Each structure stands twice: as C-alpha cells, then as structure tokens.
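Each of the next two complexes has chain A plus one other chain: chain B in the first, chain C in the second.
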Partner chain A sequence: MSHWIAACAVDDIEQEDVARFDHEGRTFAIYRSPDDAFFATDGVCTHEKVHLADGLVMDHIIECPKHNGRFDYRTGKAQGAPVCVSLKTYTVKVEGDRVWINLD
Partner chain B sequence: MIDDVMDRDYSLEGPCGKQAAAKGLVSAQWFACTVDRKQMKQLMQRDDWQGLKYLGSWLLLLIGSGTLAYFSWGSVWAVPAFLLYGLFYSMSDHTSHELSHGTPFKSGWLNTFFSQLSAFMALHEPVYWRWSHARHHTDTIIVGNDREIAFPRPIRLLGLFADFFFLKSGTIELLRIIRHAFGSVSQATRSFVPASEIDRMIRVSRLYTLIFAGTVAWCFVIGSILPALFIVLPHFYGAPLTQVFNITQHAGLAEDVLDHRENTRTVQLNQLLAFLYMNMNYHVEHHMFPMVPFYNLPRLHALIKDQCPPAHAGLSDAYREIIPTLWRQRKDTRFYAKRQLPAPVAVSPVTGASQQQQRGYA
Partner chain C sequence: MIRPSEPIIIVGAGQAGVRAALALREQGYDGSLLLIGDEPQLPYERPPLSKQVLLGSREPDQCTIGGADLFMEQDIRLLTGVRVERIRREISSIALDDGATLAYSKLLLATGGRVRTVTVQGAGLAGVHYLRTIEDALQLKAQLLPGQRVVVVGGGFIGLEVAASARTLGCSVTVLEAGERLAARALPPQLSEKLLQLHRARGVDVQLQSRIEAFAGTTVVQGVALEDGRNVPCDIIVVGIGIAPNVELAVEAGLAVVNGIRVNHRLQTSDEHIYAVGDVCEFPSALTGRTMRLETWRNAEEQGKHAARTLLGHDENFSALPWFWSDQFDYSLQIAGEPHMAAHCIERPLTDDGLLIFFLNEQQQLVAACGWGRGNSIAKDIKIAEILIKARRTIAHEALADPAIGLKSLLKGTSDA
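And now, the complex of A and B:
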C-alpha cells in the first residue's frame, strides 16, 4: 500500500541540488537533477552518520560531505570507496508545487 | 575528553579506543563552523582547469627537474638537481592525499590518472590508504581509533627526525605493502578496511611490490642506483620540506576532542610554500569541510576565520608553538597546546546560517 507524504515545495530545491526531509524519526534526501527530475533516497550515508543533504550533487551523483563517498541517487548504487553499501531509494512524484515521496 | 589515561595506547585494539567509544567520541558529530549553504555549494564545486593548472604544473616541474637530474648524473650538479627532483616528487604526499578525496577535478578520469600516479609515488597503496584516511577524518586524533596519529605521546624524537627523510613512515609503508602482497593482513587493518576490499588491496600491493622488485632488479642489471633515484627513493631523500609541512597539521594539539579547531592547525604560507603544500596549510578548513577542493580553501578560510582560532602567521610562528609542546610531551603526556576558541556565532534568523549545525554538518 502506498504511503505518500508531501516532502517539500518544488522551489525548495534548486536544479542539481539536494534537500533534507525528516519524517517520523527518519531522514531522507530529495534530489533535483540537472534535467529537472526529482529523486529520493535515505538521507544518511551508509558509511558514517552523515547527512547527504550537506553534500554535493554532480550530475546524477551525490557526494557525501564527510568522506567524499559517492552514490548514484537515481538507483542508490554506491560508486566506490569509502562507501560499499547502496542507498535505499523511494518513488517521487510532483503534484502542483509539491514534491511527494512514497515511503513504502 | 579522556583525562584518566596516563599511558596512552594508540593501537586500534587497545583500551583507549574502547574508552573513547564509551564516551561517545567515536563516529561522533563534530563541530562545524557556520557557512551559508549557497556559499558552501559554490566552494564545493570542482573545476578541471584549476586542477590541471596545479597538477599539470607539478608534473612539468617533476619532468623538468628529472631531466636536469638525468643529464647532470656523474657531475657535482647531480646533487642539487636530484634534491630538487626529490622535493617535487615528495609533493606526491600532498597530491595523493587530495586526490584520494576525489576533489581536484570534475572529470573522474583526470582524478583517477593523477591519483594512481601520485599514490604510487607517495607509497600510499590506495585501497588501504583510502580507508585509513576515511577513519582519520571520522575520528581525527581520537586515541585508539585514528590510525594516522603521527605524534603519539610521549613523543618519540628519533622517529620524528627520521621522518625528515621518510625513514620511519616510509619503511612502515613499504613493509606493510609487501606484507599485504603476501596476503597477510593484520586485525587492526581489518578493523577499518572492509572485507569486500581486502582482495583488491592485496592485488594492488602485489603490483606495487612487483614495481619495487623490478626497480631493484633494474639497478642490479645496469650496475647503477640511478633507476631507484628516480622512483621510490626520491620520496625519501626529498622528504624534509614535506615533513616540515606535515608536522604542523596536528602535532602537539588536543586529543579526544570533537572540534577540529582544537586538534588541527591552520598556518598562513606564502604562495610558493602554499603551492608546494597544495594549500593543505588550511588544515582546519580541510578537516572541517573535506568536500572543498584545495584551490577553494583560501576562500573558505576567509569565510570562517572569525569562527576559528587565529591562524599561525607562518611556519616559524607555528613551530614556536610546536617545538616547546613536543619537548614537554616527552614526559608530560597530558600537556598539549590549547587553542583559544572565539565566542560562538549567533544564529541568523534571516539567512538560517546555523542550519548546517542543526543538520549535523561535519
């Protein structure tokens, strides 16, 4: 069963950037790609307890702000040391001026 | 702080590491200066041209001084020529460090090319070093957790002086690479290199060991030490300035604190020295925000300097603090150089400038 949550306004995230969204004790990262698509992953790096929303988006890569580990935020796949474990991804939709994330 | 440990055990399996974990000092949240997200995003941007300007210049200096050294071989001019070549070669210690963060270039292939080259020159087997250095950034100078504490207390002066020619650290690096090449990996190494990376570390160590062996064989075949003077040995005979720089990073400062302003040192250098050190004199800034490429560290420093202790005004100023501190630490392991922290910056309700701290940016 879908569990859609309104995460933020579309304008809260610039192109090629990331924002943090907290919900019921969980943290998510929501990305806006250079081609204006939205994506969402777990918000904390799988290597250490660091918020990915403080990192750098380059094309379709999010780089962790602490150890420069990289993930493809479209698939969550780890791109090399020092991250080995991939991120969980979530379905995202845009309705009106809001970005919604499916937490299931 | 841990203040009840007289005899510090810096090993990764000793009691200090467990004690630090019990006190919440391991994988902890660190203090970070306040920087507006838009400004930070600009500072984090990578630029191929900036990276190429530096690393291309370095490569040209290396090739130029190497050519001079080659053609001066057999004359008295070989001594200064090789010393110059060794000086540039030893800069690989800084270039491989920065490239291991993946920050100098926007293009991945440029980063990979220079990273592979400089890692070998620096004797930083890249798999081991990447994970070791990640731990260093996670638990900077947390006793029993950070493998890269270069100046444990009480200070060992012999080792410190030996490293002016990379003799202690270089020997350790060489022996560990050879050990890994034979498939022998210590428990301490396994504590920070994931099991999935061990085979790759062994493969790279074997390649490095083959190159070492090939260099030695080449020397024997031609009856000259010349090949070794061009690869591997330059990092030893060219190391003095690198050691002068590296000592400034953390020596004599606080252990077991969660604030890089207290355990890391920023030193103002002139343009030539900053070039030779790849701007790593902005070491507080580098540790606090490792996403910022080296060429943007001066701008970052300007942004946060009011939130940091005053930077040292040159190497002599830094060593006026370091030398007496290390001397005293020979016998007094509790003593350290205490930095004066500025008052906390007020939260700006307009810019939300403290947001990073609220987010746990570190």
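And now, the complex of A and C:
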C-alpha cells in the first residue's frame, strides 16, 4: 500500500545535496542529484546512528559525517568499510514544487 | 594470486589488524589467514569507550568490529586471549605464550599501544584509572556515580572526553593539565580555547599549568597534591597522558624502530616479509615525506586496508591524509591534514559558535583544516577541505574566510570532486 507524504519543497535542496526530513519519529534523507533527480533513504547511518543529512553528497554518493562511510543513495547500497549494512530507500515523486516520498 | 603454503599472520586484533584481515579477503586473498589478539573479547572499537560506553548509551557488545560469525564466514582464524611472545625471523615463525610456534608467509604487526602510566607516589592506590581497553571502561563506568569527585590528569583528547562524560553523569570534575593550553599537541590555540570555554561553561574545573606531585590516600585515593603546594581532594583519578607504542616484539626481532616501528610507503618494515600498521607504526607522510606516527581511528582503518593490498604484492604508496575527530558534550571537532606545515592560518566563523580554521603553506596551498561545532555540523566542510588538500589547491584567503562562500563551490575544477 502506498503512503505518500509531502517531504519538502524542491527548492529546499540544492543540486548534489541532501536534506533531513523527520516524520512520525522517523528520519529520512532526501537527495537531489547533479542531474536533478530526487531520491530518499533512511536518514541515519547504519554504522552508528548519525544523521546522514550532515554528510557530503558527491555525484550519487552520500558520505557519512562521522567516519566517512559511503552509500549510493539511489540504491542505498553500502560502499565498503566501515559501513556494511545498506540503507533502505523510498520512492520519490515531484509534484509541482513539492517532493513526495512513499513510506510504505 | 599466488597462494602461500603458510598463513598470513596478523599480530594484534584491534582496529588496524581486523581491518587488514577483512580487507585481505575483500581483495580476493583466499589463502590461510590468522588474526591473533591478546585481549579476551571479540575485537572492538575504542572510540566509543570514552564516550557512549561511559555514558551508558552503548553496551560493550555494540562496540565490536565484527561478530564471531563474520570471522567464521570470512574464514579468518581468530585467536583471542593469546599473546605473541617472539618473532623468529630466521625461520619465519612466531612463538605464542601458550608454547605454540606458527610459521608465516607474511607477518603484519598491528600491536597498537598501551597507556603511559604515572610514577608519582600513590600511583598504585585504588581509585586510579586509565582508559584503553573495554575492561578499563567498564571498571571506570561503575565508579562514575553522581556526586563523585573526579580528577582527570591530562588535558588531551582522552582526558577531556572522560571529563565530559563524567560531568554529564553528574560527577564533579577537575582537569589538571601541565601545559598552558588544552590538547596543545594536536590543536591550534583557537580551538584549545573553544574546548576550555566549553568545559568551563559545563562546570568542569579546568586547571592549566598544574603539575602533579603525588596522589594522596592510604589504600584508596583521596586527593592529588600539586607541585605548587595545592591539594585537590577527590574520589577517583583518571590518568590520560598518552600511550606508548607496543614495539617490543619488533625491537627484539631487530626491526628498525624509532618512535614506532619504521615502515616505508608500502607499510613494509625493514624486513620485507613483515609489515606494520596503526598506532604502532611510524610511516612517511604523503604530504611531506616526514615520518610520523598517528594514534587515530581512521589511520588504523586506512593503513589496515592499504597493508592488505601491499601484502598481496601491489606496489602502492600509502597516501591517506591524517584525519581525527573527538566528541565532547554536544560538540565535535575534526582535524584533517597536517596543521604544523602551515605558514598562514585563516579563520571562518560559523553560526552557533562553530569555527573552521584553514592552514595554508607558503605557496598558498591548503595543507590542513580543523573544525569545531555542535553535533556533526562541521563534518561536511572538513570533508571538502580534505579534497582540496589532496588536490594541492591554492585558494584565495578571502574565499576561505567568508562564510557566505560555500566551500563546495571551491571544489570546481578539482579532479577528485
């Protein structure tokens, strides 16, 4: 069952950047890629519970602010030590000037 | 890949040794692999010990680098609670404390360091603690009860992290630092000052230029006597005055050892079959070629991974930049690069008391950066600084000083970006 939530405005995130979105006790990270596509993953690193939105986005990689663990935010896949557990990803759509994510 | 008949043996199952073992498998090494550590537990990470473990927000089993099943899965033979007593290079074997002798094809020394201890009168009293191992952390944690009077000897990172944790737990805390400022070896004066202000604002009594003379008490510690005649009463003392690298095995085996075990750019010791990584080794800096020894988590990780490659025959220079973080109260600090190489230093104030400091050499190339701020607020900027340092970029002072200019915009034209 889909469960769409309006996460933020398109303009809230710059190209090749990330923003934090909290909803009902959960934290998500929303990304805008260099080619202007939007993606969403769980918002905390799987290594330690650190907010990924404080990290650096380069191309399609988010690098965790704490120990520089890397994930491909399109797939959530962990890119190697020290992170070994991948991130859960969510489908995203843009309607008008809003970014929506599907929390099902 | 040639499959040696004898195992690759790693001595020391800390951050560097474990990372090397796992990376050897990631690199496709399918020969026999033995990881030996003298601590009884499964390998664990030390950074949480002075932070989350003391605060009670993380249990010891949440600090492990990998569970027992990971080592089984990766076919890494892990011997815990076993000490390597000797290296016999002439027959390429090591002797264990249980009498066994094991032959190796290649040996990796990742023996880390142990705490430096004080020798003053009263040093052996109950209530005097050090912090390096998980056992140390659990013993100390049991003592850090609200209202206890804690003296921390040493205003370096471990001492200050313990002070912050103890204060958060409701202890009354005094830090005694012999030098003129906090963490002076690693930090520029501006950040020492930030640390001092934070600790004082949170109620830690920081006393600079305080040299200890003796610990007072009959069986249990009751106070610290200072050289200037003052006496600081207390219930617990935590000593954090640095570590000594565990070089004895290497020295006895006749390997080159100065401040640590000397290695070349491939992390190879003076014996071509023996490598060394982590807190115990002294290696040539990628930026300056000067030898250095680092006691940091990321150095252990990066050198572990690098050694895995060079053990398998790749001829690659170790080129990771030094990088360090510390967490105290709700603030964090990060340092990247080599600040001591700087000719100029530029500050960029951030909102909410944060501060970035950039270090440039004579040629105006960025050589280091430090950041201070709440939570992980400065992490992104330090990461960008790292890329700029690696790219040996020359950068206008104004751009670095102006918080309105996003650092990411300076990456344009940098090949790593």
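Everything below uses one rule, namely that the second predicted complex is superposed on the first by the 104 of 104 C-alpha atoms of A that agree within 3 Å, B and C clash if a C-alpha of one lies under 4 Å from a C-alpha of the other, contacts with A are read in each partner's own complex, and residues count from 1 in each chain.
Convention: contacts are C-beta pairs under 8 Å (C-beta built on N, C-alpha and C of every residue); 3 or more make two chains touch, one makes a residue touch a chain.
Predicted, not measured: the structure shown is a model, and the values here were computed from it.
After superposition onto chain A, the partners chain B and chain C occupy overlapping space and clash.
In the superposition on chain A, contact is made by A:His47 with chain B only, not with chain C. In the superposition on chain A, no contact is made by A:Leu103 with either chain B or chain C. Judged by the touch definition given at the top, the superposed model places A:Arg20 against chain B, while chain C stays out of reach. Contact with neither chain B nor chain C is seen for A:Ile5 once the two complexes are overlaid on the shared chain. Contacts of A:Pro82 after superposition on the shared chain: both chain B and chain C are touched. Counting contacts by the rule stated earlier, residues 50-51, 54-56, 58, 63, 65-68, 81-82 of chain A appear in both its interface with chain B and its interface with chain C. Interface residues of chain C, counted against chain A in their complex, comprise 19, 22-23, 26, 297-298, 301, 305, 325, 375-377, 379-380, 383-384, 408, 417.
By the touch criterion given at the top, residues 16, 50-51, 54-56, 58, 63, 65-68, 80-82 of chain A touch chain C in their complex. Residues 27, 29, 40-41, 44-46, 101-103, 106, 127, 130-131, 134, 137-138, 194, 196-197, 289-291, 356, 359-362 of chain B are the ones touching chain A in the complex. Residues of chain A that touch chain B in their complex: 17, 20, 47-51, 53-56, 58, 63, 65-68, 70, 81-82, 84.
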